[in-house]
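Next come two complexes, and both contain chain A; in the first it sits with chain B, in the second with chain C.
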Partner chain A sequence: MTEEYDVEFVERGEREARFLVRGVTPGFANGIRRAMLADVPTMAIDTVRFVENSSVMFDEQLALRLGLVPLTTPPEGEFGEDETVTLSIDVEGPATAYSGDLVSNDELVQPADQNVPIIDLKDDQRLEAEADAVVDYGKDHAKHQGGVAVGYRHLQQVEVVGDLPEFEDEESRIVRGVIEDNGELVPTSEFDHDLSNRYPGKEVEVEDVPNAFVFHVETDGSFSVEELVTRAADSIESRATELEDAVQL
Partner chain B sequence: MMVPVRCFTCGNVVAEHWEEFDERANEGDEDPEKVLDELGVERYCCRRMLVSHRDLVDVVSPYQ
Partner chain C sequence: MELRVTESTDTELSIEIAGEDHTFMNVLKGALLEHENVSAATYDVNPEQSGGQTEPILTIKTEGGVDPLEALEDAAVNVREKAISFREAFEAAA
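This part shows the complex of A and B:
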């Protein structure tokens, strides 16, 4: 790659971010996207032992619901493949059991969202269970997928090429993502995704900027966006190294 | 029965917002569109999860 590699944030939050990456091939951009979805392991409940379940849902259904609750995932290397964290839940009706009622035996592994209703319990109904959480990959089960709706678009360059004829009706011109206007990055949401709002009476040309991609990344709360992206890049690097070692003479 | 924990399509955790949505848009008389916007449930895949959901625990519990 001859072009200089560069990353720039457009919007940055704990669980949602948008950033521009320059100087990568479309293949590499897609590699990062796929790594974020499938190759960054997260913590999730995998085995549930029910002590009592007199609710209206079956054990298996509740186990699925518990598994889908995102858990905060400690830094890489903190947990091995076979290590487990035990979480317990004990709620008696009439009440609703929430993800926040899960009690973990490890401070680093906690439910990321507190208000996920697990099951609505009526009079004399009770849920008592013990669950084991493990680290696994998104490619094995969706509950281990840390990235949510991860995607990217080309950065688009907008250039004013002239004025519209005086009496011509203005047509809306919809673009989505982020545009570059004289080096300035503007999210299209700022002008309601319509170029005729930003450049009234002007004729504009929109072009994809080669090898510049705007990523939109959200996480389920297992870790921050930053953590997800760096872990995805690390995973690609380690697999590339592995390949290099494997084919070496 | 109970609201799905995550969006079937994108995996976003939608159950987190169910009770507030139910209270404001189903029980209350607020516009569901506005409520979803305020809750930050942006994509239509996630929005349909909440809009189309019906709690059935109360319906089936007498037969338990």
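This part shows the complex of A and C:
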């Protein structure tokens, strides 16, 4: 009894993608979504040792900000649960300390973005610190969440059923997501989310396609969309295997 | 994942699945309900701060002389296969 899924990309980029999955139940789609948010571990700074902090913020506040900087996460198996990567920062005012000023001792773990401001330093203010990054789960702290905007919507089928009365003012008809028109997948952004732009003067019917969901996935730069999705599926698979083994005993 | 049976008869089983949350329990429940010999399946979780029973408890009722534990095993296999085929379909498209 194996399910047949069919996946098709609508839009794809390194950090953001939209893809359609057919043959998936709402429950399973939600399981995948939740797993992407909470069960795919990422690297983040967890401990900071301040050498000098003469900025206007407390050590704890800066430690939180450093923790929230997205770091690239090496592929599975590269890092153990309690291994750490050390990053250091040394910025002297007047200047703004950015995530790009973090210097990592590991090629694989780097700030995913260079331009996240940490603190604005005035004359004679200085920030020097050493931070340890660890791998952990989004379940435990949002800084370890790899997916930042993960959701899904039904695929919507649009059908032209007739013409609108000739002298009637056209009303806008807003839909968001992806529509299917004669087998063609069209993101609604292409016609400004308004069906009256795409089908002027036509009467259309919109219906959800059963068990077809369009996922929108965006990562914080820790890894690619592909990695996030496959690792979410892996996490569900490994739990099912674990349960199977536990039941057999 | 630690299992603890809290109630068990020939056709009914209540089992605590420690360390899991809605992510896995809801998918598992869905797979159980697809099983043709399962007449009822549900799970209950309490919030972490509520104290007392906070681990999910899964309850399964079966018919047709099927052992609930066996149905649970079938459902686990089913979830595993779904996850694998989802990943394969995704990788094929990627």
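The working rule: the second predicted complex is superposed on the first by the 244 of 249 C-alpha atoms of A that agree within 3 Å, B and C clash if a C-alpha of one lies under 4 Å from a C-alpha of the other, contacts with A are read in each partner's own complex, and residues count from 1 in each chain.
The rule is simple: a residue touches a chain if its C-beta (ideal position, glycine included) is under 8 Å from a C-beta of that chain, and two chains touch if they have at least 3 such contacts.
For clarity, every value in this text was computed on a predicted model and none was experimentally measured.
Student: Could you classify chain B and chain C on chain A, in the superposed arrangement, as clash or fit?
Tutor: Overlaying the two structures gives chain B and chain C room side by side.
Student: Just to be sure I read the superposition right, which of the two partners does A:R65 touch: chain B = first, chain C = second, or both, or neither?
Tutor: Touch partner of A:R65: chain B, not chain C.
Student: Output check: A:L164 vs chain B and chain C. Expected answer is one of first, second, both, neither. What do you get?
Tutor: Neither chain B nor chain C is touched by A:L164.
Student: Quick check on the superposed pair: does A:G31 touch chain B, chain C, both, or neither? Answer first, second, both or neither.
Tutor: It touches chain C, and chain B stays clear.
Student: What is the value, to the nearest 10 degrees, of the angle subtended at the Cα centroid of chain A by the Cα centroids of chain B and chain C?
Tutor: If I round to tens, I get 140 degrees.
Student: Would you sort A:A95 into first (chain B), second (chain C), both or neither based on which partner it touches?
Tutor: neither
Student: Quick one: classify A:E4 as touching chain B (first), chain C (second), both or neither.
Tutor: second
Student: If you count the residues of chain A that each partner touches, which comes out higher, chain B or chain C?
Tutor: On the superposition, C touches more of the residues of chain A.
Student: Using the superposition on chain A described above, determine whether A:I236 touches chain B (first), chain C (second), both, or neither.
Tutor: In the superposition, A:I236 contacts chain C only.
Student: Regarding the shared-chain residue A:V175, is it in contact with chain B (first), chain C (second), both, or neither?
Tutor: neither
Student: Taking the superposition on A as described, I'd like to know which of chain B and chain C A:L108 touches: first, second, both or neither.
Tutor: neither
Student: A:V186 in the overlay: touching chain B, chain C, both, or neither? Say first, second, both or neither.
Tutor: Neither partner.
Student: In the superposition on the shared chain, how near does any CA atom of chain B get to one of chain C? Answer in angstrom.
Tutor: Superposed model gives a least chain B-chain C C-alpha distance of 19 Å.
Student: Indicate the residue numbers of chain A shared between its chain B interface and its chain C interface, in ascending order.
Tutor: In chain A, nothing is touched by chain B and also by chain C.
Student: In their shared complex, at which residues does chain B touch chain A?
Tutor: 1-3, 5-6, 10-13, 15-19, 43, 55, 57-58, 60-61, 64
Student: In their shared complex, at which residues does chain A touch chain C?
Tutor: Answer in residue numbers: 1-9, 19, 21, 24-25, 27-28, 30-32, 34-35, 38-39, 139, 226, 229-230, 233-234, 236-237, 239-244, 246-248.
Student: Give the list of chain A residues in touch with chain B in this complex.
Tutor: Within the complex, chain A touches chain B at residues 54, 56-57, 61, 65, 68-70, 112-113, 115-120, 122, 125, 142, 145, 148-149, 218, 220-221.
Student: For a test of understanding, state which residues of chain C touch chain A in their complex under the given definition.
Tutor: 1-3, 17, 20-24, 26-30, 69, 72-73, 76-87, 89-94
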